Every structure is written in C-alpha cells, then in structure tokens.
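Same chain, two partners: subunit A is paired with subunit B first, then with subunit C.
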Partner chain A sequence: MESLLEVRRLRTTFRAGRSRHDAAVQAVRSVDFQLGRGETVGVVGESGSGKSVTALSLVGLLPKTALVEVDKLTLDGASISHLSRRQLRDLRGRRIAMVFQDPMTSLNPLMRVGRQIDEMISAHDRRLTRRERKRRVIGLLAEVRIPEPEKRYNSYPHEFSGGMRQRVMIAMAMALRPEILIADEPTTALDVTIQDQVLRLMRRLQGESGTSILLITHDLAVVAGMCSRVIVMYGGLIMEEAPTTSLFAQPMHPYTIGLLGSLPALRQGQSDRLDSIPGAPPDMTAPGDGCPFAPRCKYARVRCERALAPYYAVADGHRSRCWLLDAAAPGADSPFGEADGELRRKVVPLDD
Partner chain B sequence: MTSQPPGPILEVENLARHFRSGERRRPIRALDGVSFSVNRGQTFGLVGESGSGKSTCARTIVRLYEPTAGRVTLDGADITRLSQRQLRPLRRKMQMVFQDPYASLNGRMAVRDLVAEPLTVHQPELGRAAVTRRVKEVLDQVGLGEDHMLRYAHEFSGGQRQRIGIARALAINPELVLCDEPISALDVSIQAQIVNLLRDLQRDLGLAYLFIAHDLAMVQHIADHVGVMYLGQLVEKGPTDRVYGNPSHPYTKGLLASIPTPDPRVDLTDRPPAIEGEIPSPINPPSGCRFRTRCPYVRDICAQTAPKFTDLGDGHDVACHLYPAAAKQDDRVE
Partner chain C sequence: MTRYIVKRLGTSLVTLLFVILLTFVLMHSVPGGPFAQEKEAPPEVLDALNAKYHLDQPLVVQFFEYLGGLLRFELGPSFKYTGRTVNDFIVNGAPFSMRLGLITLVFVLIAAIPMGILAARRNGRWPDAVVMIIATLGITIPSFVAAAGLMYVFAYRLNWVPTFGLDKPTSYILPVLALGGYSLSFLARLMRSSLLEVMGQDYIRTARAKGLSEVRVITRHALRNAIIPVLTVLGPTVAGLLTGSFVIEKIFAIPGMGSYFVDSVTQRDYTTIMGMTTFYAAFLITMVFVVDLFYRLVDPRIELG
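Then we have the complex of A and B:
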C-alpha cells in the first residue's frame, strides 16, 4: 500500500516543572509507523500509553511545555516536521483533520453550530460566497444525518445531544475532504447504539473520500470492526504492530495477550475469571532501561528489566518488542502456546 | 450457583422518581415504575443507554433521592417511608460504590480515615484500635496493604482508588452493594481486576450486587439476572443467559447488536445498523410503548397502550406488544 504518512522516531517529552532539574514526563519515547492511503489503522493502549500524545504531536497541537522531536515525518513524501505554526494550521483541517473524545471542548458554546462549520470552511477556502458556504454547511449537516439541517444550522452546541455533537465534529473534520482523519477516542463518551451510528458514519464518509483514518481507542472490539491494522502502545512505545486478524489470532506480546484476555466478550464460560493484568501503568518520569511492561508481566526475566527488546518480525507486517521472541529465550512456559517453537524459528530481529 | 434459589435481599416495586424541570411544568420522569428483585449472594445487572434511569434507580433505592412512588423492601423491611434516622440502622446492610473514584473520595482524608468513616458513623461504639484493625482487614480483602493507610487518594491510580471505594463500602459488612458504573472510568486491564475482585468478594462474603453498567459484555460476565432499562422503565428482565441468549425486546436486540464484536473477521458494516435515532426526552416520553419511536417493528397499538410484561418462561419477562399472550399481572404504573 502506498504510504501517505510516515513517522520515524517520534519522541515527546513534557516538562513537569519550571526548573530544568524537574523530572520530565517522557510521554512518547520512540514511535515509528506508517499510514497507507485509504487505510484505517487502530492505535490501542491504556491511559498514559502515549497514544493521544502521539496523535497530537503529529499535528502540532501540544502546549509549549511539550518538546516534540522526530527523525522523519512526511505527508505524501514531503517533510512536515519543520513547518511553522501557520503552515501547520493550514495543514490541519485541510489535509489532516482531527476528531476528539469530547466534542463540547472542541465546539464554541457561544456560537451557532452552522457558523462554526462555515468559519472552518472559509478559513481554508476563500473563493466561496457566503450563500454557497451556507448551502455547503446545510449539506454537510444533512450528510451526517442531523435532522432538519436548515433549522439546526442556527442551533447552539448545547441544544445537540452528545451523539449529534460528535456527528457535527465529523462533518467539520470531513468538510474539506482531508487525506487523513485522526480520531482520538471518538466514541468513548457515547452509548453503544450511538457509537454504532458514528462509526458507520465515519466508514461511509471514508468510502466516499478515500480518507485514511488513524483511530485511537482503548476498545479492541472497535478496532476489530474498523481497522485493517493495529498498533499496540504501552509506556510511550509501540509494543506490537500487526494486521488486525493476526493480532487477534496470534498476539505476540504478553501485554496484547493480557489486553485480549481482559475482554469478557471473547470468553466462553461465564464463571471464568477474566485474565486481568496485575499492577498499574508505569511512571513516565523515570521509565528506566528495561521493558516498561516488565513490572506487570508474568513472563518477565532479568533481561527484561535491564534492557528494552528490539522489534522482532513475526510475520509479514507483524512485529513485537519482546525478549521472549529472541532465539535465546527459553521455550518453557511460553505465552505463545504450542506454536512457540515453530514461531520463534521464523522470527527475525529488526534493526532499530 | 446453588440449585435452590435464595430469597431476595432487595425488592423494588413500581419505583418512580420524577424531577421538576425548569422550563416547563411537566416533570422529568427519570424513573417511572420499575420492579425487580435482587437475590442474596447474587448479582442483578441493570443495563441501558445514558438517560435510561439506571443511576436514578440506584440512588432512589438508597434514598439519596426520595422516591416519587413505589416501594423498596430491604431484607423484608419496607424502607420507603422511613425517616433518615430510622433508615440508618438498615443502611448498614446496603452500601454503594460509585463510578468515579476520583470524585467520590475526599482528597483531604487519609485512606485509613476514608475506610474508617462508615464504621465511625454506624458503629460508634468501636474503639480506635478496633476501627484500625477492621480497616486493615478490609484493605487486605480488596488487595491493598496496610502501608497504604496513611496515604491520600490522589497518590493512587484509578484502579487502586476504586479498591479504596470498595473497601469503604465493605467496612460495615453490608449484605448488598449497589455498584453504579464501578468500572467505566477505568482502563481495560484494570476493569478486569476490579470485576474479578468483586466476584471473589461475593464468593467469600456472600454479597449481593446491584451492578449498573453500560458495558453489556461485562454485565453478562458478572450478573445472574439482568434488567434492561429504557427511558425510565424496564423493558426486559430475566436470568442473564436467557436475556443474552434469547433477547426478545426489540430494544434489547438492538442494544446487543450494537456492541462491536471483538472479532476482526466481522466487519462493522457487515450487518445493518442496530438502532436508529436517539433516546427521547424523559420530559415528554412517547405515548404507549416508549421505545416505539425507534422500533423497527412498531405497530398502531404501540402508540396507544403501554405493553405489559409477558412471561416467556424461567422468569424471563418482556414488555412488548409482539408478545401479547398470557399477559402477567400489571406491574407497571400507568
């Protein structure tokens, strides 16, 4: 697939205090991935895994306390890592659009909804007349199935339900047919019935415009239904990346295995215990040299606490950062089941 | 589960709670005639969309809200009309765990004092040493060490805070715990920890739970019986395997169909959309069946009369005009 967005060694740190001696929070430690044209890629992880900060770093939407460094960041082959704030603002909305979890924080509560969409269109396209823009906005509202769009043009955000507000956000994001839509937990605040409607809407608009979607979510079931590829993040790092079918069929990282085991719907017997992951997410001010998941990993060995594993290529497009995949790792008690020996023979370490 | 069904610890009959609405004179019918019971040592799950009245139901049961109508019976005693003072000794049997462990714990109190608070209210005769002993005991039950006692809630992660909230609820040995979305603010791996903990505590202490959640998969995992709420009323209730295995109300069917399947071979758009539209306002609920405005099977009668519960067998009840036969006694408020 043609690569539309390419990210190499993205690092984002936040200053925790005023003094330079204060510990910094290493929210994203080193992240690389690609997003193909028209592709939907899921980024999953728990709070603090760095998934949202990764997205915000890409579009320059972090506060000034954040230090973003990246070796390579290209959109359609051209570098976008050194754009000015103004160039970035132009890029956002037109080529890369975002939808957030809480639409109320993205909408101006004092401005009529129609005006807000209108303003966004005119900021990027000055050729349209006021009347053309209004017609366009009403068309967009109709497209995301807002009932009575002419009337709703003049409504304020608080007069909309949560689901309608999120549909308005999607209308705004898709208004300029962006090449990439970054959706950060777009349905987390919504009921399942409304989530179903919103995901379908995203899917339909994507089909019409060929937009690539980076879907950030904690919900593996949403990923299963929407994404062709998944990136699993933990402690500011990508732990595993795979085509969605492979990840669910043969997860190759203990963290992914733990996440999948925590899902009740995947399990058969009701009286079974869920395979919870013990412990809590890591402290990002002092990540240490080892694997960030090691303190919660029941397979962790001394090596895991001392050094971070490289990526191992498990199969085509499937990589995992875990010492258990190393040729020298003992096969006993493997989390990868009976296929362990055979799998590990195929595994190749990747250069960083 | 034992073969003989244990008796109910909690019985809720036609419970209603209306709120005054600001703009119009008409009340907000947040909870509008709900009946179910929770058996000793078992879990009753309450599911439904936001605005269905789940939380109002729990809060009305513990009398955080005064009921507008109906009756709540706790361990055989009608607590609906008791004064707060009369209620206090009975409250010991019934405790609550809230959704947000960040908001529900006082940040100025150390963990020891947070967990001790219900003890000092309900068992003032206990000396300080006895209270501390009990605090250590419940902290241990929820998987926290006594070294946590002098720390403050903000020093803990979300999952640990929810453990503190559970310890607080357990301190006075309740028989029933009302859990209002106890896991929805937590990360997936932590949710499983808390659900496992709740199940262990149920097994060890014989607790009954009223478990409110919008996560239908988790409710299926934890509940023995389940009730599905829509716009202030129950539309279907029964043993969990019956309701999930054979969902009969069109709303239950749609709700279950809208849960994404954690199976990448099933694409979201392979099936038709589950339920169209959104939940209407409880100020002016639709006449007849409240779900009719979104129901794919709607008929004329649905606008005219509210459906009564029909028993589909094994205590599986559904309130829908598609199931008119053998109408049970009316347990709805008109």
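Then we have the complex of A and C:
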C-alpha cells in the first residue's frame, strides 16, 4: 500500500513545571509507523500510554509545555515536521482533520452548529460565498443523517444528543475531504447502539472520500470491526504492530496478550477501559532503560529490566518489541504457545 | 422571552415591596424620632408636627399612605428641611451620582476586560505580573483610603486635578479611580482566570484543529465564553459601585444622592431614608434585571421561560 503518512522516531515530552529541574513527562518515547492511503489503522493501549499525545503531536495541537521531536514526518512524501505556523494551520482540517472523544465538550456551546462547520470551510476556502458555504454545510449535515438539516443548521450544541454532536464533529472533520482523519476515541463517550452508528458513518464517508483513518480506541471490538492494522502502545512506545487478523490470532507480546485477555470483560459491558492487567502503568517521568512492561510482565527476566528489546519481525507487517522473541531466549513457559520454537526461528530483529 | 420578562417583573416588584416594608419597620422600631432632638419644643408643637406629617396615625395607615404616594411618584416632604421634598433631593443629586456611577462602570469594563485578556494571554510573563499586582492592590486597599491617597498625591501635592466637586472633566478622574478600583481589580482577575480556563477547553482545541488562526480562535470562540462569568457578576458590581459612591461622594464633596442619604440616616429624616432606599432598591433591581436579560441573550443554553 502506498504510504501517505510516515512517522519516524517521534518523541514528545512535557515540561512538568516552571523549574528546569522538574522531571519531564516522556509521554511519547519513540514512535514510528506508517499510514497508507485509504487505510484504517487502530491505536490501542491503556490509559496514559501516549495515544492522544502521539496524535496531537502530528498536527502541533499540544500546549506550549510540550516539546515534540521527530526524525521524519512526511505527508504524501513531503516533510511536515518543520512547518511555519501558517503552513500548519493550512494543513489542519484541510489535509489532516480530527474528531475527539467527548462530543459534549468539543463543540463551542455559544455558536450555532452550522456556523461551526462553516468555519472549517471558510478557514480554508476564501472563494466561496456565505450562501454557497451554507448550502454545503446543510449538505454535510444531511450526509451525516442529521434530520431537518436546514433547521438544525441554526441549532446550538446543547440542543443535540451526544450521538448527533459526534456526527456534527464528523461532518465538520470530513467537510474538506481530508486525506487523514484522526479519530481519538470517537465513540468512547457514546451509548453502545450509537457507537455503532457513528462507526458505520465514518466507514461510509471513508469509502466515498478515500480518507485514511487513524483510529485511537480502548475498544478492541472496534478495532476488529474497523481496522486493517493495529498499533499497540505502552509507556509511550509501540509494543506490537500487526495486521488486525494476525494480532487477534497470534498476539506476539505479553502486553497484547493481556489486553486481549481483558476483551471478554469488555464485551459484557463491565468496563470500557482496558484495566484488567494487574499492576500500575509506568512512571513516565523516569522510564529507565528496560522494558516498561517488565514490572507487570510475568515473563520478565533480568535482561528485560536492563534493556529495551528491539523490534522483531514475526511475519510480514507484524513486529513486536519483546525479548522473548530473541533467538537466545529459552522457550519454556512461552506465552506464544506450542508453535513457539518454530515461530521464533522465523523471527528476525529489525534495526531501530 | 415575554413570559420570562413578565415573571421577572413580578418578582422584582415583590422584592421592592419587601425592601420598602423592611426599611419601614426597621426605621420605626429604633427608639427616637425625627423631632426627638428638638427638646425645647413644647409638647403641643411636637403634636402639631407629628400630626402634620401623619406620625400620629397607626403605623399600618402610615405605611399604606406611603405606598399610595409612591404610586404617584411622590416620596413625601423632608422632615428636616422644611419646604423641600425627597423628590427634590433625588432630582438634584441623581444626575451627579448617576453620571459618576455610569462613567465608573464604563471605565471599569473597558479597562478590566482588556487587562484580564492581556494577563491571560501573557500568562506567567511580565504583563500578567503587572496586571495581577494592580488587581491585588485594588482589591486590598479600601476605597476611602485610596480616595485619600489619590487626593493627597494628585490633587494636593501635584495639583494635576481638582480636589473636590465635579466642575471640570478632570474632576472625575480621582473619584472614578477610587470608586472603581475594587470592581476593576475584581473583574480583571475574573476575566483572566475565566479566559485561562476557557483556553483549556475541548472546543478551543476543536477550533484550532480546524486550522483557524489564533486571533480567530480567541475572538470567535474564547472571548464570548470567557465573558459569561463577568456578565454574571455585573449586577453585584453595579450594586457595589452604587453603595460605594456614598463614601466617595462624601470624600470628594460631590453633591450626589449619597450625601443626602448619609445625612438623612443620622438625622432620622424618615421620609428621606425611605425615599432614598426605595429609589436605590428600584434602581438596583432594574439593573440586575437588565444584566440578567443581557446575559441570557448571550448564552443560548439558558432557557427563557
């Protein structure tokens, strides 16, 4: 697949306080991935693993306390890592649009929804008249199935339900047919039935516009239904990346196995958080040299605490960062099951 | 909208009646009367005076007579200044008080809001520090101290502005500063914290994610939301300026209503106390009502009904 977005060694740290001596939060430690044209890639991981910060870093939407560094960041082959503020603004919304988690707070309560969508168009296209824009906005509202769009153009956000607001957010994000839509937990705040409608809407619009979607979620069921590939994050790092089917069939990282293990609980609607792996998330101010998952990993050995594992290519497009995949690791009590020895023989280390 | 207005007018009227009743009762429950000091006066003169001003009637009758007068906008004769009515005091004093109050209010708003915005936008840097220092001084220094200080430095020492009265445009400077200092500081701080809070809201991130310029993000999205808390305290602010003006008018010898009011209280001038209180209460209730209406127009989330 043609690569539309390419990210190499993305690192984002937050200054903790005014003093230089305050420990910085290393929210994203080193992230690299690609996003193909028209593709939907899922990003999963526990709360605090750095999913949102990764997404916001790409379009420079973090507060000034954030320091974003990246070795390579290209959109359609051209670097977007050192854009001026003006160029960045031109990119936002037009080429990379975003939908956020909480539709209740993501719209301005004092502005009519129609005008809020209109702003997306007027910010990037000065040629259209007010009237033409209004017609387009009404068309967009109809497209996301808002009933009586002419009338609803003039409504305020509080007059809409959560699901409708999220559809407004999607209409806004898709208004200019962006190349990439970053959806940060777009359904987490919604009822289960509404979640499905919103996801289907995103898929339909994607089919029409060919937009690539980076879908951040807690919900592995959403990933299974939407994404062709999944990125699993922990402690500001990508732990495993695989085609969705491989990840579910053959997870190659103890953390992923833990996440998948918590899936039945999710299905029963007990929790929408992936919190069933025992232990606490890592301290992002002092990550240390070892595998961040080591304190919670039942396969951890001395080596894991000393150094971070490199990526091992398990299969085509399937990589995992775990010492268990090393050729020298003993195979006994492997989490990867019977075929472990054979699997590991195929594994090749990737240079970082 | 009309339903809301009618409802609010009703409650306003009830509030006003209650204020009048309360003032009336309190005033009459304190021992002494308007003519108590005139000890030499023979009893028959006192009786005549009391009869003239209907003070010999039962309180209930006096109260309803008073209300009847109010309906005709007659606040009664002054007990202390023969031949003058409370209406005279208001007609004479109100223009000074109102002008001072209004100028102060406008000054406070056009200074406090930009100060708050500046401080929030330069959060943690020197403009913020300057605004916060000014605002802290304004809140901690009592207005009469500020008035005396300002007067000493700018009128007495430097001789830049007149010491008292309101004869020249420059005469307004010191009274406005002294009267508005507290409100100015309070509103500037409020605007600052409100804008800082709004800038962290999700819808601001949405606005930025659309590719809007920072100027548009602030003018179209942040300011309108940030001004709402300021609007909600505008009613009490007007009240503060109004009551604060009693002291300021006294210090700067401004012939406004405040000076009549203060005198009337010490002299037990019943009708003047009643009339002034009623007038102030009516004015305040109206202002709060107007501010409320305005606030409801700005925020669509508030249901009118």
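Here is the rule we go by: the second predicted complex is superposed on the first by the 339 of 352 C-alpha atoms of A that agree within 3 Å, B and C clash if a C-alpha of one lies under 4 Å from a C-alpha of the other, contacts with A are read in each partner's own complex, and residues count from 1 in each chain.
Here is the rule we go by: a contact is a pair of C-beta atoms (placed from the backbone, for glycine too) under 8 Å apart; a residue touches a chain by one contact, two chains touch by 3 or more.
Keep in mind that this is a model prediction, so the values were computed, not measured.
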item	value
Clash-or-fit label for the pair subunit B, subunit C on subunit A	fit
Residue contacts on subunit A - larger count, subunit B or subunit C	B
Touched partner set for A:R92, first subunit B, second subunit C, both or neither	second
First (subunit B), second (subunit C), both or neither touched by A:V192	first
Angle, in degrees and to the nearest 10, that opens at subunit A between the C-alpha centres of subunit B and subunit C	70
Subunit B versus subunit C as contact partner of A:D102, first or second or both or neither	second
Which superposed partner A:M111 touches (first subunit B, second subunit C, both, neither)	second
Which superposed partner A:H218 touches (first subunit B, second subunit C, both, neither)	first
Touching partner for A:S79 - first (subunit B), second (subunit C), both, neither	neither
First, second, both or neither for A:A123, with subunit B first and subunit C second	second
Touched partner set for A:N154, first subunit B, second subunit C, both or neither	neither
Shortest span in Å between Cα atoms of subunit B and of subunit C, once chain A is used as the common reference	7
Shared subunit A contacts, counted only where both subunit B and subunit C touch the same residue	none
Touching residues on subunit B, where the partner in the complex is subunit A	49-50, 157-160, 187-193, 195-196, 199, 214, 216-218, 220-221, 240-241, 254-255, 258-269, 273-276, 278-279
Residues on subunit C engaged by subunit A in the complex (per definition of touch)	124, 201-203, 205-213, 216, 220-221, 224-225, 298-301
Subunit A residues touching subunit B - in the complex, by the definition given at the top	46-47, 161-164, 191-197, 199-200, 203, 218-226, 244-245, 247-248, 258-267, 270, 273-278, 280-281
Subunit C-touching residues of subunit A, taken from the complex the two chains share	18, 59, 61, 89-94, 97-98, 100, 102, 105-111, 116, 119-120, 123-124, 156, 158, 169, 172
